[in-house]
Each structure stands twice: as structure tokens, then as C-alpha cells.
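Look at the two complexes coming up: chain A is in both, with chain B in one and chain C in the other.
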Partner chain A sequence: MAIYSFWVYDRHCNCIYQREYSPLTASTSTSASATTTSQTGSTPRLSQSNSALNNSSVQRFQQSGADNSDTTISNNTSLGSSSVNNKIQELLNNGSINAINDNNVSKLLFGTLFSLRKISISLTSAPASETTDDEVFSSHTSLNKFNELKSFQTLNYKVHFYETLTGLKFLVVTDPTIRDLQLELRNIYENHYLNYVVRNQLCQVEFKEHEVISNDKFIQSVDAFWSGLPEFIS
Partner chain B sequence: MPIFSIYITSKSGSLLYQKDFKVLNNPITKQNSNDYLVIASTLHGVHAISAKLTPAASAKNYLSSKLPTNSNKTGLRMITTSQFKIYMNQTVTGLEIILFTSPDMGQTKISGIYDKIYQLYCDYVLKNPFYQLEMPIRCKLFDDKLLSVVTTTNV
Partner chain C sequence: MSKQIKQLGDDIWKTKVEKVNSELFTLTYGSIVSQLCKDLNFNYEAVNNQLFKMGYNIGIRLIDEFLQKTQLSRCTNFRETAEIVSKIGFKIFLNITPIITNWSADSKTFSLILNDNPLADFVELPDDGKALKELWYSNILCGVLKGALEMVQLDCEVVFLNDVLRGDESTEIRVKLIQILKDEVPAGDE
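The block that comes next holds the complex of A and B.
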């Protein structure tokens, strides 16, 4: 299993879409300080299945699981063997959708990314004292001016990151051995997000707090896209 | 494959040593001394947080990696941006060596450089009778030797 989860954050830092193919840990461990926990290999993990099952969107997805997996199979003709298809289907059905958008994991992930993004931008620009607030603002909106964060990784996982000019952030958590998936994230924005969210008149463009993308077309096409990649099962 | 700069932070996240090297086309601009402290402690915090984000299914991935894994099994290792890469390594005692390199630097080469830098730290900082633990490193010999290690890789 090489692609673990996929996240979309809007420009107000809210998680508007979260799709998990394999659970991220909700580590509630209170043990020890930062340096010691990062050295010990095992951290206590809490299963997320309980919280996931309570969510209505998950239940709804599982009901419509049959139609969804059909589309997946038809898009995966290249994979051929039915055992692979069964495995993909199982992963798609077992995962959760929009179950932990406001969870600590989601916030930690965003916080990590936000700090790293800030470091990569500030290190390549002049020190803050020499630029005014106006300049900082305009440099964020101007094209290709700043150094963009691409990915970060540990020995266990890798997070790929793509940010649009409008401040939407696309994230995918994968195996550390996987090639750069920035182009794929861009593809999702251009071909899936734009088609099924922005051009959908019934779907809002600006998300309020606790509002998420619950658009079945978007969910299905993104699932089909990720499961169609050769990296989805490694 | 040049190294742009090096930060060394203590186990509590305070910046012990920071040096920018003179390299052609260096994308990293000079910052305030305060900014260096902020960046170092942010990286230290993010290093610890990223260990908590490990997906359950990938928790044992480090066993199959070919890299030396006696330390920093779960923390942040590498950050890729479009203009530079940041490599982080933590020793078993909590000391973090952070290297800012060009994007074409590979993981295997960097682990050799870590070993050399850590060796220098042991020889010229820890064995210095005037050095106090957890305090900023001001040892001329360490400076000189570090510069020669970095210059050989930068050339």
C-alpha cells in the first residue's frame, strides 16, 4: 500500500476534503518529550475505526460502494488481474472520507506543512525587517516569485505538496520511495477539482468552517485517479 | 552538489551553530540572527511532530530502507523545495545536524557527510575542555575542519 491518504485544504486553512486509504495514526500518547519519542521506534497508536464509523458521510459512501467500485474497475483495465482489482476495491471501501477533517492529525499535518512552507519562502527572500507588509503580501500573489515547498519525508512516509495560486493546498501521503507526485496533484486540481467542484453550480467555491466537499462525482473520479496509478499498490 | 549552510541544534531545540557557506548561485539569502533561531527551533518542533503523523501501515517501513537507521527512525529526514533541500539527522543523544543543500544532493552522499561532521563535533567540540554542553559552539578548530569538509564536497 503505497498511497496512504489525500487531503485538500482551502485558503482559510480548513481541511475541505480528506480521503484515507489507510488510516493515519491519531497519536494521543502523552509519553516523554519530543526528542525521545522521535527516537523510539514504536509510538502508541489508536485505531480510528470507531470515529470513522460514526460519520454519516462514510456510511453513505459504503452504501454506494458498489457503483463506485464498478467505475474503478472499468478505469483499471491496464491492471488486468482480478486479484489486484479486488485489493484496490477493498482499500477503497475500507478507507474513510471526510471523517477526520477537524481531527488533531489533520491539524498537525497542516501545521507541519505551513511551517515548512514558511521556512522555504523566508529563507530565499530578504529578512523581514527589510520588507514592508505590503511587499510581503504582493510577493505571495505574484507568479513564480517564491521558492515553493515540494515534499517532505521521514523514513516511513512522504508527503507531496502542491499549492495553487488561489491558496488551495493539495497533499498526498505516500511511501517514501515513491517518485515526485506534484504533477499528479496538479492534474487533480486541473481535471477533477475544476470540473467537479468549481464548475458545479450546486457546489460552493468558498467553504465555511466544517463544510467539506461531499460531491460524489469528485470523490469517485479522484478515487479512480489514485487507484489507476501503478504506485497505488506496491 | 554544494552544501549551502549548516545548522546544529541541541536536544532542546536551541541553535548551537550556524554557518552559511559561500557558494555560487546560492538561493539562501542572509537572515537576521533572530530568524536563524526561529528557523532552527521550528525545524526542531516539526521534526518531532512529523513522527506523530506516521500512517499505521507504514510504521515499519524504515526496516526495509537501505539507509543507516540507528537514529532518526521516525523523525523528519528530508524537505524538498524547488531551490534547495534540507536534510536533517538526529543522533541518539538528541543533537540535530541540519544541512541545506542543492536539490541534486542524494541521500547516500549526505549520510557520509553527516558521519564526518559528527566526528568533528566529537573531536573538536566535546573534547574541548572550555566547551559547556548546550551552549553555542565557538571553537576555531571546529570551524576550520568543518569548512575543509564542506569545501571538499562543494568542489
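The block that comes next holds the complex of A and C.
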């Protein structure tokens, strides 16, 4: 399982959409890097909420791979396409939608990204002195243009990041082995978000605190998009 | 630079934009304004405000559409913003390119002169003694600009100065940059 969860934050720093596909379990390693330790505290909670799902996928693994000690990859190839579909369906059904928008995990995730973004900008910017508005205008921009945060990773996961000029932030948490998914995040903004949120006149685009995207079409199309990627199950 | 922007606007207009019949558009807008006038008892001040609000709500959505179609990154100064508003923004949504003029000395205020205003085709303001002085018929445009610019962190004041419908020589919109909005910080994190 390679795509763990997907998050959207608006320009007021609120999480307006959260979708968990499968819990992030710390199976890969125990010796986590410095950045991980700050976050691993949150992983047990993530996995607890979905322990049922976790168990069922373990059982499935045991049934189909009874006679050998396959890696997950070869195990998957032995599954028929229908059972892959079943598995995708199961993950989609068991995952949570907008369940933990306001909890600490969500806030920490945002905070981490927010700080990293700040750091990456301040490292390249001219020393902060009294600047006129015009200078702010350009420093602001050259930075965003040339030095935007793309992703960060630890031993257990990788967080891909895309920010629009309108201040929306799209994040996806995946397995660390995954290629860069920034283009996919951009695709979600330009096709899915635009079509089902912006062009949907009855769906607001300025979210107040605790308001979330609960639009079925958006949820379905984003689910279909992520589960259609070869990386979704790997 | 200016040429490239113009070229980009033309290309997007030709290839990426779905068109509608301009009369349908003009008449739809006209019926909205006239209905607003009736609903608000010909209080044109209130009509202007209402049009501005409607425009604002359009603007905060339109900017996403704009970014998707143009794939532009952030402007480096306000003059570039003006060029892009005129040559790409107005071009792809209304197929007009207003003239940018009357820059203030500090480069924070400029005027857009609309030689051709598709919203106001066929229109003549009613001769009731007030409309000619009070109604900004195309005030929705100000709202759209305000909303769209605000979403990319440019807090602007956008107002009509002149309108040919009122008997002025040109149709002029004044755009003034008030401030560049800062990124918002998570609550309790100041």
C-alpha cells in the first residue's frame, strides 16, 4: 500500500478535506530519522482508527501466500485483477473521510509543512531588512517561483506538497519509495477541485473554520484518480 | 514581455476557452441589472453594491479557472499584474484588452480604459434623473477584479471612474493596490 492519505488545506490554514486510504504503520524500520520522531507519535493513533482494515489485509496476505514467504510485490502479482479491484474497493470503503480534520495529526502535518516552506524561503532570500512594498512583491515571488517545497520524506513515509497561487495546499502522504507526485496534486487542483468545487456554484470556495468539502462527486473523482494510479497498491 | 503576454492571451482565447453567444451574455447581464434595480426600488447605490458583491463572488472562483488555463506563476511587480489583467484576464473571459494608463508615481495605481464593453452593448441608462449620476452599470467587473486579485494576495481597491453610458468620454476602471496580504498563520501560532 503506497498512498496513505490525502489532505487539502485552504488559505486560512484549515484542513478542508482529509481522506485516509490506509493507516501508516511503522513496519519498515524502528530507527527513524530526526524528522520522523516528531511525527511517529501520531502514527499509532492513525493505525488504531483503522485497525479493522489492518487485520483484514493481513489475513488476506496469509491466505494467498500460504506456501511461501513472498514479498508484497510478488504477492500482488499473484492476485487476479478482480481481487486487486476488490482490495482497492475495500481500502476505499474502509478509509475515513473528513474524520480528523481538526486533530493534532492534521495540525502537526500542516505545521511541519508550513515551517519547512518558511525555512526554504528564508534560506534563499536576502537578509530581511526594512523593505518597501515593491521589494516585498518581488522577493515574495522570485522565491515562490524558484524555491518551492516539493516534498519531504522519512524512512516511513513521504509527504508530497503542492501549493496554488490562491493559497490552497494539497498534500499526499505516501510510501517513501514513490516517485514525485506533485504533478498529480496539480492535476487534482486543476481538474477535480476546479470541476467539482469551484464550478459547483452551490459549494463554497471560502471555507469557514470546521467547514469541509463534503461534495460526493469530488470525493468520488479524487478516489478514482488516486486508486487508478499504479502506485495505489504496490 | 508585453508582446509575449499578449500572445499568450490570444492563444488561450483561441484554444482553451469555450465561447458563448455575446448577445446571450449581454442580455443576461442586462436582465440581472434591471431586475436588481426593480428589487431594490431603484436605489442605485444599493444596486452598485449588489453588483460588486456578485462580482466578488465570481472573482474568487474565476481566479482558479484563470490559473488553470494560463498556468502562470506569480507576477514580479504590479505593472506586470496590470498587463496580465488586461491582456490575459480580460482577453480570455471577455475578449477585450483594456488600455492600461494613468499610472501613479508609486506604481500602485493604474486605470483600465475599456474601449469596448460587451456588458453594455445595446444599453442606455433610464432617464429618471438618478441613474445617469448614480448607477455604475458594469460594476460587476470591479467586484470580479477585486475578488480575483485578493485571492492572489493583492488587496486592491477597484472602482469605476467614468462610464460612456453616463455620457463620459471613456469607460475607466481605477485599480489601486492597498497592500500585499501576508500568508495566514495557523491559529495560536503567532
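Some observations on this one:
The rule is simple: the second predicted complex is superposed on the first by the 161 of 234 C-alpha atoms of A that agree within 3 Å, B and C clash if a C-alpha of one lies under 4 Å from a C-alpha of the other, contacts with A are read in each partner's own complex, and residues count from 1 in each chain.
Keep in mind that, in the parts below, contacts are C-beta pairs under 8 Å (C-beta built on N, C-alpha and C of every residue); 3 or more make two chains touch, one makes a residue touch a chain.
Quick caveat: nothing in here was measured; it's all calculated off a predicted structure.
In the superposed model, A:Thr154 lies in contact with chain B only, and not with chain C. In the superposition on chain A, A:Ser120 makes contact with chain B only, while chain C stays out of contact range. When chain B and chain C are set side by side, the one touching more residues of chain A is B.
Of the two partner chains placed by the overlay, neither chain B nor chain C lies in contact with A:Lys208.
Once the two complexes are laid over each other on the shared chain, residue contacts for A:Gly111 go to chain B and to chain C alike.
In the superposition on chain A, A:Tyr4 makes contact with chain B only, not with chain C. Of the two partner chains placed around the shared chain by superposition, neither chain B nor chain C is touched by A:Lys217. In the superposition on chain A, contact of A:Arg179 is made with neither chain B nor chain C. Once chain A of one complex is fitted onto chain A of the other, the partner contacts of A:His12 are limited to chain C, with no touch recorded for chain B.
On chain A, the surface touched by chain B in one complex and the surface touched by chain C in the other have residues 111 in common. Put simply, chain B touches chain A in their complex at residues 11-12, 27-32, 35, 39, 42-62, 65, 67, 69, 71-84, 86, 90, 92, 94, 100. Those residues of chain A that touch chain C in the shared complex are 11-13, 107, 110-111, 114, 133-134, 136-138, 140-142, 144-145, 164-167, 189-190, 193-194, 198-199, 205-206.
Remark: chain A residues 1, 4-5, 22-25, 27, 29, 34-39, 41-43, 45, 105, 108-109, 111-112, 115-116, 118-120, 122-129, 147-157, 173, 175-176, 180 touch chain B in the complex.
Those residues of chain C that touch chain A in the shared complex are 60-61, 63-65, 67-68, 72-78, 107-108, 151-153, 177, 179-180, 183-187, 189.
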